[in-house]
Each structure stands twice: as structure tokens, then as C-alpha cells.
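What follows is subunit A paired twice: with subunit B in the first complex and subunit C in the second.
On to the complex of A and B.
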């Protein structure tokens, strides 16, 4: 029996905007869930997804993808890469899994919202597959690290992180709740699938895969690049939704949603992906700097596509480009300094050779962040490790939920961007962070940063121990220097004398 | 920095980003054949291969099959298609990456 090719029946088969008989259109598609924005059901019916698939095709292709990723894992298991991997790379994996795996289930719920409530039939169809994709991503990214749980307890944070009030988990949850869990279907299509998935996920799932391959971790490289093939498909739900919004004169609103999503995503990546790429990944495995990956994926590819669809650069473009040289260095310094409060062991990444690399990639690094590291190195050298451990609280941004950082040393530009709203004083790490809040204060005004929780008495005793208990970081899970300060040898006088 | 970034932004490069493997190698070869007269550039990032041309790049099922040495359905490209620059259009026997606007 011959079958019709997909192209001859697909559009008709997924044209499912039937006229409801027992309920009204508004009951079937409540505005707060659908987000039709006054555009008619008929017009949403014109949504034309560029990346179409059918269930039989989907199952066949996904089976092949899984067979590939799982067989690479099985084949390399005996190679025991993790046993001999650089501790900085182990930290990269732990940070990745904890920050990503469980959030994939939230993404699945976001896809489910489009699958049920979008007024565009093509969106509903593709989101059904997207929902299955994200379940795959949650499962596979829990299964792979689970192999390592027997090694040490930090691996368990692949599952545990989002179930805690650890500060990084609060920051990540704040972003993902904003984009995935609390938006209508069209908001999800624009902010999650378009801004986040055609943009930022490439950094974490392909940029990092390039580093993984260089580091010799082919299991991880194969896994995350395979995950991204699903993203490449379901991320295409945002583009056609954007086209419809633009046709109906809603460019400003679309641009605003994208600008918020890009900025918020950037800030999370500055604390998660930046330190991983420029400090944790062993020097010889660094394919490109974090900034170079950002230029490749976000500027040359994602922002360029944005222009092609008829949108503009974000209004904060200059600030964004400036931040590519700065923010993640400050974040790294903070994460290393508050290292007991993360579920991985941050690698300092500041041996003389690594500093040369940083200076080359970020001219001026030694005169700015380097000067803070000089003090840390001096304290370690003089046998005062307690001075390199956290005693005070950082000022945390009410939008990104991560510390407010700036350039130290000769480039000093640290600034708290404040805003008083309904009698409460808010602090922000940048003008765009403050702007995100001002776009929709109702959405964000009740946010309690970890420091707010301290001051409100939620954390007892109000010291590091109390904070660790609050963050559910058990003994054996607290972070410490990834290389157990081995890198300090390069700075010790004996060593210099011996040479 | 902003002006350097603007130069990087104002490019017209489109094309697939494929996970390393035989499909990526076949696609790199096929891109040359399927896009005559175009300068096709390949960036090898070890984990992935970026295949690019200005404004438009096409990959056909026939050429891909030929380069691969076996029959493949164009949809199988998805198995390794991790990302792409530009917009995408799938046809029964080919896939096209393109920009609407040349900058």
C-alpha cells in the first residue's frame, strides 16, 4: 500500500481549530492561558511552523537519537573517563546537571501549555512533540549523572538542586519560572522557545560540547549535542508566532518579551556557563573563550536571526556587549569565594598560564579581577585560608537573584541600581535588570532574595552554618576548591626557588 | 566592543550545525555540490561542524545519500542537526537555510 507523503496531508490533518459546540471559545482558550492578544482564532490558524513532523517520524528519529547517545555512554563506560578527568571538568558536569536536568521537566510543562492552549494548531502539534522532547531531556540528564552518585554526594544534586533553596537554584528557578511556568502559550513560544532555545541553549549544549570533546569527555559531548537536536526542532515554534504578532502590530510587545528573556538568560549564563568555560574547563580543552562562544552563538547566529524576523537589537545592546567582557569574571570570583554554598567544587582557574590566557582573551584582566585573585593568593600563601572564605553577605540583585558585581581594580565600576517601589527598596545589578522589573513590577515585587530571607529571619542561625542548613547542603556536599589548592604550588616560594 | 560586535552581527551566514560524525562529513561534502557557485565554509569545532554560505544554503536528499554512500531520508538529518543559522525550510527532498534580508 502506498501512503501519501507528509507534505500532502500534514497541513490539513493538523488544522484542528474546530468550532466548539458545548463551550465558548473563551472557555476553551482562556486568555490568561492562551495569550491570543486579541488576534482571532482564524488568524492564529495561519501560523505556519517551518519545522513540521508527524508522530511516526518523530518516534523513528527519536529512537535513533537515543540509541546513539546511550550506546556512546555504554561503549565508553569501561573507559572510565570520570575517574581520570580533571577535577575542574567534573565540577563542570556537576554544575550543568544540577542547573539543567530537573528544569527540563518545567520546560515540558511549558510545552504542554502550548500543546493545550495555543490558538495556533501548528503550535499545538509541534508542542506535543516538544513536551516529549523535554521529558527525554529530564530523564537522560538524570540517568547519566546517576551512574556517578556512588562516587560522591555532589552528583546527587543533578536531581536535588531544584528541590532546595540553594542560592543558584533560587536564581535558576526564578528565571525558568518566569519564562516557562508563568506565561501564556504565546509568551512561552516567544520567551522560551525563541529567545531561550534558539539563543542560549546553544551555549550550554553545543559550546560546552566543543569543550567536552576537547577534554576527552565524548559521552557528555554526545549527550548534550543530541539533546540540542530536539531543541533545534521545537525552538522553531517561536518564529511563526513572532510573525503573527508582527503582522498584527504587536512588535513592541514581542520585542519587550524577547528583551526580558535575553537579559535574564544572559545573567544566569554569566554565573553558570561563564565560569565553567573560562575557569573550570582545563586550559588545554578550552576550544574558545566564553565571550567567543557568546559572539558565535548569541551575536552572529541568534541576534542575526532576530533582525531577519523584523525585530531589533535589544535596547541595552551596548551594555550587553560590554558585559561580555566583565560580568562572568565577577560571578566566578563570587562563586569561588562562597564555594561552600554550591554543589560543585569551583576550580580557581588562575595558575600563571591560565592568567596569561585570561589576559589574552580579556585584555586588562590582570589589572582588574587579577588584583582580587592576587589578594586571595597572598592569603593562601601566608597560611590565612580563613580570609579566603565567606564571612559577609553579598548584595543580591532582585531580578537575577545573583550577586551584584562589577569590575574591580583599575576598571572599578561596581554599582547598585536601586528602585523604590511601593515603599520597598530594590537592588539591581544593572540598568537592564532594573528595567525588567519595571516592565512588570506585579510579577516580581514579592521576590525574596537569599539576603532578604536572612534579614527576615528565615535563616537561623544567621551565619554560614545556618545558611547551609537552609540551602539543604549536607556534609559531604559543600563545595571547596576543585583542585584542593594544588594550583597554589606555582605561587609558593619553595617552588620558585627550586626552579 | 559594541562596534566589533556589530560587525559580527551584520553577517549573512546561514547553514546547519551538525554533531560530529558521518552525517556531518557527508553534509559538508554535499553542501559544495548542492550550492554551486557559492563559497561554502566549514568550521570544525570537534563536537560539531558548522557549514555556512551567504544568504542561502541547500542540502538535497539525493546528494546527501550519494555522499553518505547509502540512501537516506532528508528527515534523518535531524538526528544530528543540533542547530542552524538563519531560517529553515523543509521540503520533501531537501532542506533550505536562508535569510529573508541581506545585510
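On to the complex of A and C.
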């Protein structure tokens, strides 16, 4: 039996904005869930998704994707790549899985909100597939690391991280709760799919896939590419929603949602992806610096898309460009220094050759972050490892939930952006972080950072051990230097010669 | 005499840190308690320099013998610890 080509029936079949008979439109699409913003059902019906697919097509393609990724995994199982991989690469995988896998389920709920409550039929249709995508991403990114749980307990954090009060997990949860779990359907379309997925998922997944292939980890590369192809499709839900908002004079509101989502996403990626790309990935496997990748994949892409749609660059764009040179170096130094508080083993990434690379990519690195590393290296060299470990907490930003950092050494510029609101003193890592709070203080004002919890007496005993217990970091899970300080040999020529 | 939390930024360091001080502490003691978490950890000491406490936002530098309880700080007030000649 011949069937009609998709383009001859698709638009008609997904035009499902029927007039409800048994309930009112407001009961069917409550504003707090739909976020129609006063735009009529008829106008939302004009939403035109750029990527059209049908359920049979979707199932066939997804089956092929799964078969591909699982086959590569099965074929390479005996290859034991993980046994011989650089420890920095292992840390990359552990950090990635812990920060991303379970959040995919949250993304599935966000897609479900659009699938049920968006007033745009095209959005509902695409989100139905998006919902299935995200469930697949959660499953596959839990299944792959599970193979390695027998190697050490840090791998178990792929599942465990989001169920703890570990500081990085709090930061990731705070961002994803904000964008995925507590927004109406149109807010999700714009903040999650347009702002976060178009740019930042690209960075995490395309960049990591390239680095994985270069590092010889074809299992991880195929997994990541498999996920990315879904993202490339369902990330396209935000654009048409933005067009409708702009046509109805809602530019300011749309712009605000984008500006908040881009900044918040950037900050999380500055602590997660920045250190991975510029410090953990073995030098010979690095394709681009984090900054180069950001400029190519996010900055250029966002600028073009925003301007094409009739939106503006976020007001903080100059600050964003400046931060690309700076923030992730501070995050890396902080994560390494407070390494017992993370579920992976941070790679220092500061051998003389790596420092040359950092200086080339970030001129001035040696006079700034390098100065702090000089002291750390000196301590390790002279047998004072206790001075390379923390005895107090870094102050955590009330928006990003990650430490407040700046440039050290000759470029010293560390700044705390404070705000007193309803008698409480808040601290932020940047002007845009503080602005995100000021845009909607009701949404954020009750958030307690890890330091707030410490000061409120939630952490007992009030020391590092108490903090580790509070963060559910069990013995055998605490982070330590990825290479067990082997890289220090480069700074000890006399000992190296003796060996 | 009571424990009092402040946030400090040490000159040439990269991060803001939580430092528990006492309301009876002098500014020199505040600087010393911060230095414990920074000097010879991420920043080298500077010979011939003393450490002074400065309000992060207003830039006011406090007298070295002033006590925390007299400085009018809010809990988690942010302060710079800077190298100075005297």
C-alpha cells in the first residue's frame, strides 16, 4: 500500500488546537504552565517548527542511533580503553556523567511540560519526541558508566551526584531547576532549548566528542555524538516560540529570559567544561582551547541567531567576552585546591609544556594563575602537601552556586558583588549574576549556598570532614590529584635523573 | 566575645574565602587569620610589608588595632586583606 509523503499530511495531522468543549481554554492550558503571555491559541497555532518528523521516522532513526552506540560499546568492551586511558580523561568522563546523566531526566520533564501545556501544536509535537530523547539520554549515560563502577566508586556518581548536597551538584541542580523544572512551557522552550541547548550543549557534546575521538575513546565519542544529534533537533523548539513572542511585542520579556539563561549556563560550564578542555584533556588530544571553542560554537552562533531573530546581544556581552579569558582558570584552581570535595580526580594540567600551551592560548597566564600554581608546586616539591589542601570554604555565589573567583597574581581583580535584600546580605560572582537575582528575587531569595548551610549549623562537625559527610562523599570517593602528582616529576629534575 | 563570620579577599589570591573571626579580634588578627589560609599556600609572603584590612566596597582601610566589634560589619561582610608599607 502506498503512503502519502510526510509533507502532504504533516501540517494537517499536527494541527491539534481544537476548541475545547468540556473545559475552558484556561483550564486546559493554565497560564502558569503554558506561559502563553496573552497570545491567542490561534496565534500560537502559527508556530512553525523548522524540523519536522513523524513517530515512525523518529523510532527508526533512534533505533539506529542506539544500535550504533551500543554496538561500539560492546565491540570495544574487551579493548579496555579505560584501563590505559590518561587519568585526566577518566576524570573528564566522571565529571561529565555526574553532572549530566540524571539531569537528562529533569530535561525530560521539561520537554513533557511543553508536550502537554504549550499552546503551539508544533511545539507539543516536537516536545513529545524531545521527551523521549531525554529519557534515552538519561538511560544511556547511566548505563555506560555503570560498566565501570567495579573499577572505583567515583563512577557511581553518574547516578549519585544529583542525590547529594555536593557543592557542584547543588550548582547544577540550581541551574536546571531554574530552567527546566520551574518554568512554563514557553519559558522552557526559550531558556532550555534555545539558550542552553543551542549553545551550551553543543559545547559539551561536540567539543567532548572531538576530544574523546582524539583521546582514542571511541565508546564515549559515539555515545556523545548519539546524544548530540537529538539535541540538534529538539533545540530548535525555542526559535519559533521567540518569533511569536517578538511578533506580539514581547521582546523585553524574551530577551530577559535569554539573558538569564545564557549567563547561568555559562557559569556552570565555566566550572565543568572549562577545566576539562584546558586542563584535564591530555595536551596532545586538545583540539581547541575552551575559549576558542566558546568563541566558535557559542559566541558566533548566538550572536548570529539572536540578531537574525531581531533580538539583541545580552547586555553583559563585553563582560562575557572578558570572562572567557578568566573565569574557568579560577574555577579550575579552586576545584583542584578543594579537590577532596568533588567526585572526580582533577588533573592539575600545569606541567611546563602545559603551561606553555596555557600561556600561548591565554597570554599572561603565568603571571596570574601561574603565580598561585608556583606556590603549590613549591609546596609539593618541598614536601608540604598539607599546604596544598583547604582548611576553610570558598565563598559561593548566590546565583551560580559556585565559588566567587577572579584573576590572581599581577592581574589581581577578585571582586564580590553584594546586595542587601530584605535584610539579608547576598554575594555574587559577577554583575550579571547579581542582575539575574534582581530580575526575580522571589525566585531565588531563599536559596542557601553551601556556605550559608555551614553558617546555619547544617554541617556537623563544622570542618572539612563534616562538609564531606554533608556532601555524601564517602571514603574512596573523595577527589585527589588525577595523576597522583606524577606530573611533579617535571619540576624535580634531580629526582628524575636519580630514577 | 563571639564568633563572627567574614568573607575576605587576599591581595593576589584568586578566591573569596570564609574566615571565622572573633568580635574581640583586632584588624591585625583578622589579617593574620586570613593569611593562614593564603600565604605560602597560593601567595608568597612579601618582605617588609604589613597586612591591612580594607572594606571591599568602600575602600576604607581600618586602623590596625581596631576591634571587629567596633567596625560596624554585618555578618559575612566582605573585606580585602592587602599588603601595605605600614
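List of remarks:
Keep in mind that, in the parts below, the second predicted complex is superposed on the first by the 493 of 499 C-alpha atoms of A that agree within 3 Å, B and C clash if a C-alpha of one lies under 4 Å from a C-alpha of the other, contacts with A are read in each partner's own complex, and residues count from 1 in each chain.
The rule we apply is simple: a contact is a pair of C-beta atoms (placed from the backbone, for glycine too) under 8 Å apart; a residue touches a chain by one contact, two chains touch by 3 or more.
Being a predicted model, the structure only gives us computed values, none of them experimental.
The superposed arrangement places subunit B and subunit C next to each other on subunit A without a clash. Contacts of A:391 after superposition on the shared chain: subunit C is touched, whereas subunit B is not. When both complexes are overlaid on chain A, the residue A:284 reaches neither subunit B nor subunit C.
By the touch criterion defined above, A:83 reaches neither subunit B nor subunit C. By the touch criterion defined above, A:406 lies against subunit C but remains apart from subunit B after alignment on the C-alpha atoms of chain A. After the superposition on chain A, the angle subunit B-subunit A-subunit C between C-alpha centres rounds to 140°, nearest 10. Contact with subunit B, but none with subunit C, is seen for A:213 once the two complexes are overlaid on the shared chain. Set against each other, subunit B and subunit C differ in how many residues of subunit A they touch, and the higher count belongs to B. Within the superposed three-chain model, A:252 lies out of touch with both subunit B and subunit C [touch as defined at top].
In the overlay built on the shared chain, the residue A:442 is in contact with neither subunit B nor subunit C. Minimum C-alpha separation, subunit B to subunit C, in the superposed model: 21 Å. When both complexes are aligned on chain A by C-alpha atoms, no subunit A residue touches subunit B in the first and subunit C in the second. Those residues of subunit A that touch subunit B in the shared complex are 5-7, 50-53, 57, 61, 64-65, 68, 202, 205-206, 209-210, 212-214, 221-222, 225-226, 228-229, 231-233, 236, 239, 287, 295, 299-301, 303-305, 307-309, 313, 317-318, 321-322, 324-325. Subunit C meets subunit A in the complex at residues 5, 7, 9, 11-20, 36-37, 40-44, 56-57, 74-78. Here subunit A touches subunit C in the complex through residues 330, 333-334, 337, 369, 371-372, 374-376, 379, 387-388, 390-395, 403-410, 412, 414-416, 418, 420, 425, 427, 451, 454-455, going by the rule given at the top. Across the interface of their complex, subunit A is touched by residues 1-2, 5, 8-11, 13, 17, 19-20, 45-48, 75-76, 78-92, 99-101, 103 of subunit B.
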